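There are structures below to look over.
Each of the next two complexes has chain A plus one other chain: chain B in the first, chain C in the second.
Presenting the complex of A and B:
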């Protein structure tokens, strides 16, 4: 058996393990979302019927019975719990999340696909930017931990770190939309513009999403910076780093090749996890700044008591998170030669 | 204890800030018992007054004094956070310590479940739950839910620590002396795990309050019971920003920032203190 065979066998095992983990997460997550509404004392169909009965219209009992029947069918609430569970999975594999109620009869999946680009655009860019800035600053701060400026950077990061992102969104909103009104308060682009890949539209989007993006970047940078600083300050006392320093290796090489490259590994895993959370959106930020992404969609679903839409968003984010974690896990060997070898 | 406090107070700015903000939080909680108004009593004062000496944080469009409302809000939110933190600590400590110590099948199963919970997106599940249980939700159920969803990562940290403790000589000695497993775990290993438990408790507390605020802003909790999120919810409902009543948002936001930052810095300071290298430096020794 050649080395190559061993390598591929081990790697295959690694892939299978990760894949199994991913499937398990999806299974547990979807099972939880299946059982929550069924074990809950409130029935979404009855709530919807009650809502309709509150209106001025007179509705006959037969009509309500038919409606209840139709809704039960729509929500997959027909039959025994076992049958429901099976048909739930069947629908899941067909990508059928049912029609939305408040935007009837448009399917939930269509609504999700339409909001997805906004959320991905906003969160993917801010996650990557804050990851890069945070790690770079954190690495420098950890390496030059005796310098004065690192104390200030650290202080700033520590003060920013515990503040939830939406609190930041509110602060920026108050400061830059009301006290110094230089940024727009709502909408993802100027009213009257048509969505499209042209310069005017893109610039408008950039201008409108600057504040929400800034609120996400600021909070993100703090967390990555502190993590990186802690990692670097541990690695710096390792023997091989000391040896390189005594040996007179270039400082830049030590920081870049010897320290940062090792410290980045856990940060890459962290990035994978944070990319996963993109799928549920930065709910409050989107809602506060009026960006039509997944967060706003969930909010609309809650307001309109759109049960299938809420279920759709939950299922979608569970799958999204597990798959993106899987992707990062599979890419991991590229960054870490040790994993590549065993 | 007193010496440690004095030492930390003298050397750590984080610690001083943390204690000041903790004192502020406790002050607010105590004040809530002397409030002249009921927590959500509306039109008790002139609406829309900016902050002044009579109304420290101003009043809102519902005719509520924001200072007194914030005393209740902070009390409820913090109580909820503590409740969640305690409940999830029970799960995390139990799973982490037993899985780490026992190993074998229990460890494998527990860690597979654990991994799933670590990456499980919590927010959509919470949205779904609160969406369906809105009317039946109370603080305890919500804390229980958050605890069930929020224990995983901390359990993993605890397990890692126990794994290394298990290899130490004193663990073997304890086993050979016939100490029962439960006693080894809680008497011998617990003291080493305490710092991790402490640090994760504060993080978990802040995380759960953050989740509560998120859910409340969306109107998914009991919006007639004061909490930090509920105050923001009503400010949004009345479009406080558009009518220029910025203090309605500034009050909850300011209090949150102050208390969150304070508690976090307190945990940072205490963590540094727990690290023996820092303590040595404080005593003026070489590192």
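Presenting the complex of A and C:
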């Protein structure tokens, strides 16, 4: 694809269409996320009151009524839902996601920025590793389907694939934290260490996050492997592959250029989608292994009906998925000449 | 299996055993410079905090989502009085061991019409920064909160306190807006209360009253025996160190707290806490599932409340079925009794806690000192109690054989752990409950015009009698199982019941938009018979119709002139008086007849302790404190512990 192609009118129109779709999806997604928690039969003030009634403060009916009024005022829940919606967009365009309701007065953005590196670190690396290993093994298993080792690999993938990643996490936890206790059960790094870009801290993080990463990689590899294997099995019987083999084209070239390249197209879309979704975190893995990432943050936000935090986490997730799909759409012509042609 | 594989498996098992053994090491460090043998490691069930840097526990958002139990309220905070939910630590010459004058020197002193309360304070108690605790601190605590109604006790003080006077350094006089014989509840710990602020610290940091809501109180200045040493910026753990001058804190009344350090771990899912304790990395578990408890109880180093079956500490909390008394047909006492008699307690006990329950036939938790004050005195009334079950005649529904039946059915699961002595069984499982009598239940419904067609009950207006049974949500598995069993029993009886597990945190309940709820609205002090702790908001003065939010615990919308009279008398009587107990008995008799809700059992908490590094935890035979770790009363446990493996 030449520069001229890229900036051709048709392609610019294609970009604008995709961009428009992306903005619309983000707008609708955020709007739905704004309204859903507010239409639920509870709100953060009532949750806080119920927590108080079961704990900290003694119950005095007049005091509870006064508390309810003051909290609604403080959290900006006094206006109509429409007024709250408009005020949200006003703040959004100023880059302000507001204070978290339950971590008041800490800004939502601060909580997200604190959690984001943990999720990106865990999920970006595991997504890429599992994608690479899974596709490579899947491609080889599909092409060399008559070999004994490919059958074992396939069997292993078939065993791992149906196991939900969180069950795998629990299995690893029991095996390597209890039966053979060589990994820690808690924390993302050794207690007492200060966070920083130094070797001691990095090694500690790697040690503490090894099991959650392993649970994600193993289940991820299984899924990519089986997908790729199925794609390759189909492509291998295509006429152009048969002709290439009959024509004596080098086997490596056939596998790399004729088969894998074609089979990779849907896998790239899948990778884009999975990279986009990392912004919402791997909730259960993070929870099980005590990783302070976006999944843990979302869990707390939903549990407490923290409207502002739910919005903040969802915005990142919606934008992440939408932008990833957009990027994949825009990159597709590079990988697939058919898209370029249309 | 071939030889090589066998070797690998054997090597792995040996390595695992070695690693597990190696875990017991008092010299290993929990954080750099802090040895395991000097540290007690405790579970805080709160869950990881979103704002762990915030130690301002006078706001509703401390720590992000309830950062009170990180050790902060147990070890660093203090207030005027403590009431133990169990029997309290024995002290020579002290008659009432459940009551502790903590920062106060004596019990609260009220004037004749209860419009004024005086608190005399102890002398010589010191904040961790070396400043003496005085009446100025108490006055500041009340006044700053009264100016901020979103602070935890702000609204209560704004509504109740006219003014606070400090005639001298050790006396505080509270002038109240109206007669209130229970004002001291604000400063009396059950699981917590209003903690006293160090005025000298707050006055410097808080320039305007509104600053009090955003001030993080970090690092916290302590009036307890420990100070903060370190904490995780992600809110997963907090480490506290014993103060050198611990003798200048109120806990010195009980002796020196044994652990030099205390670490609180947050955010531990059930499996992880079981694994951590099996690895000796967690000394005190707040709560595990019954299955986790059974697994832990197999080990000799483990202790729990009963040192065996039924394991769990009965919290002073009554698990009950809460029918909406303002909604037909639940507004009919016969229907409520029919619902009760169609329940089989044996099945409910086995389904929820595998039989490890402490049941209650009356509307009060069967825990702490309640047997002496209420359960024993109520027995003759309960045995004679009759109800008119229509064509089934006058029936006596009370059954004293249920505890034995539960014990017999639990024995196949727990073996010899289940006691055989009938008296012991009764003291553990309960004195009795209501008969499973579906004939009487059917007769009660028929008496009120209900009809049975094709195995289903129909209301007098011809509609099918269906119930939606709400449960509080996913975080209490025992109650979920109980809810499912209740739904099954009612459905089998012919009342189609749908169990819903909704995380609505009581909003529907407060609005009265429900049929029947499973949960609790009755909690007691545990160590004291006073019922005002839960009963004040049951007065019809605070009654709200369906659709309007109820501010209190009478979400069931029960209304009774007789109860109003009891509550009125209660608030005019002294907290410690015999009259207060007599009024409590009147309430129990009234609510047995009216049965506004169906009492089931105490909320049993399966707390587990590891005796490897520390021993001397409270239990059924030495019930000096509650074993649950998030209660601030757990500070007393520290004074009774013995260090088992001192580091070198």
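One rule holds in what follows: the second predicted complex is superposed on the first by the 282 of 342 C-alpha atoms of A that agree within 3 Å, B and C clash if a C-alpha of one lies under 4 Å from a C-alpha of the other, contacts with A are read in each partner's own complex, and residues count from 1 in each chain.
Rule of thumb we're sticking to: a contact is a pair of C-beta atoms (placed from the backbone, for glycine too) under 8 Å apart; a residue touches a chain by one contact, two chains touch by 3 or more.
Keep in mind the model is a prediction, meaning the values are calculated, not measured.
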{"item": "Touched partner set for A:296, first chain B, second chain C, both or neither", "value": "second"}
{"item": "Touching partner for A:95 - first (chain B), second (chain C), both, neither", "value": "neither"}
{"item": "Partner chain in contact with A:171 - chain B first, chain C second, else both or neither", "value": "first"}
{"item": "Which superposed partner A:273 touches (first chain B, second chain C, both, neither)", "value": "first"}
{"item": "Touched partner set for A:162, first chain B, second chain C, both or neither", "value": "first"}
{"item": "Partner chain in contact with A:337 - chain B first, chain C second, else both or neither", "value": "neither"}
{"item": "Touched partner set for A:182, first chain B, second chain C, both or neither", "value": "second"}
{"item": "First, second, both or neither for A:25, with chain B first and chain C second", "value": "first"}
{"item": "Residue contacts with chain A in the superposition, chain B compared against chain C", "value": "C"}
{"item": "Shared chain A contacts, counted only where both chain B and chain C touch the same residue", "value": "40-42, 170, 173-174, 177-179, 185, 287, 305"}
{"item": "Partner chain C, residues of chain A touching it in the complex", "value": "40-43, 46-71, 74, 100-106, 111, 114, 170, 173-174, 177-182, 185-188, 191-192, 195, 287-288, 290, 292, 296-297, 300, 303-305, 309"}
{"item": "Contact footprint of chain B on chain A as seen in their complex", "value": "21, 24-25, 28-29, 32-33, 36-37, 40-42, 44, 158-159, 161-164, 166-167, 170-171, 173-174, 177-179, 185, 273, 276-277, 279-280, 283-284, 287, 298-299, 302, 305, 307, 310-311, 313-314, 317-318, 320-322, 325"}
{"item": "Residues of chain B touching chain A in the complex", "value": "14, 112-113, 115-116, 118-121, 123-125, 127-129, 131-136, 206, 210, 213-214, 217-220, 232, 241-242, 244, 246, 249-250, 253, 256-257, 260-261, 263-265, 268"}
{"item": "Residues of chain C defined as touching chain A within the complex", "value": "12, 15-16, 19-20, 23, 29-32, 34, 47-48, 50-51, 54, 59-61, 64-66, 68, 149-150, 152-156, 158-160, 185-186, 191-194, 213-214, 230, 232-237, 239, 265, 267-269, 271-272, 275-276, 278-279, 281, 503-508, 510, 513, 523, 533-534, 536-537, 542, 549, 551-553"}
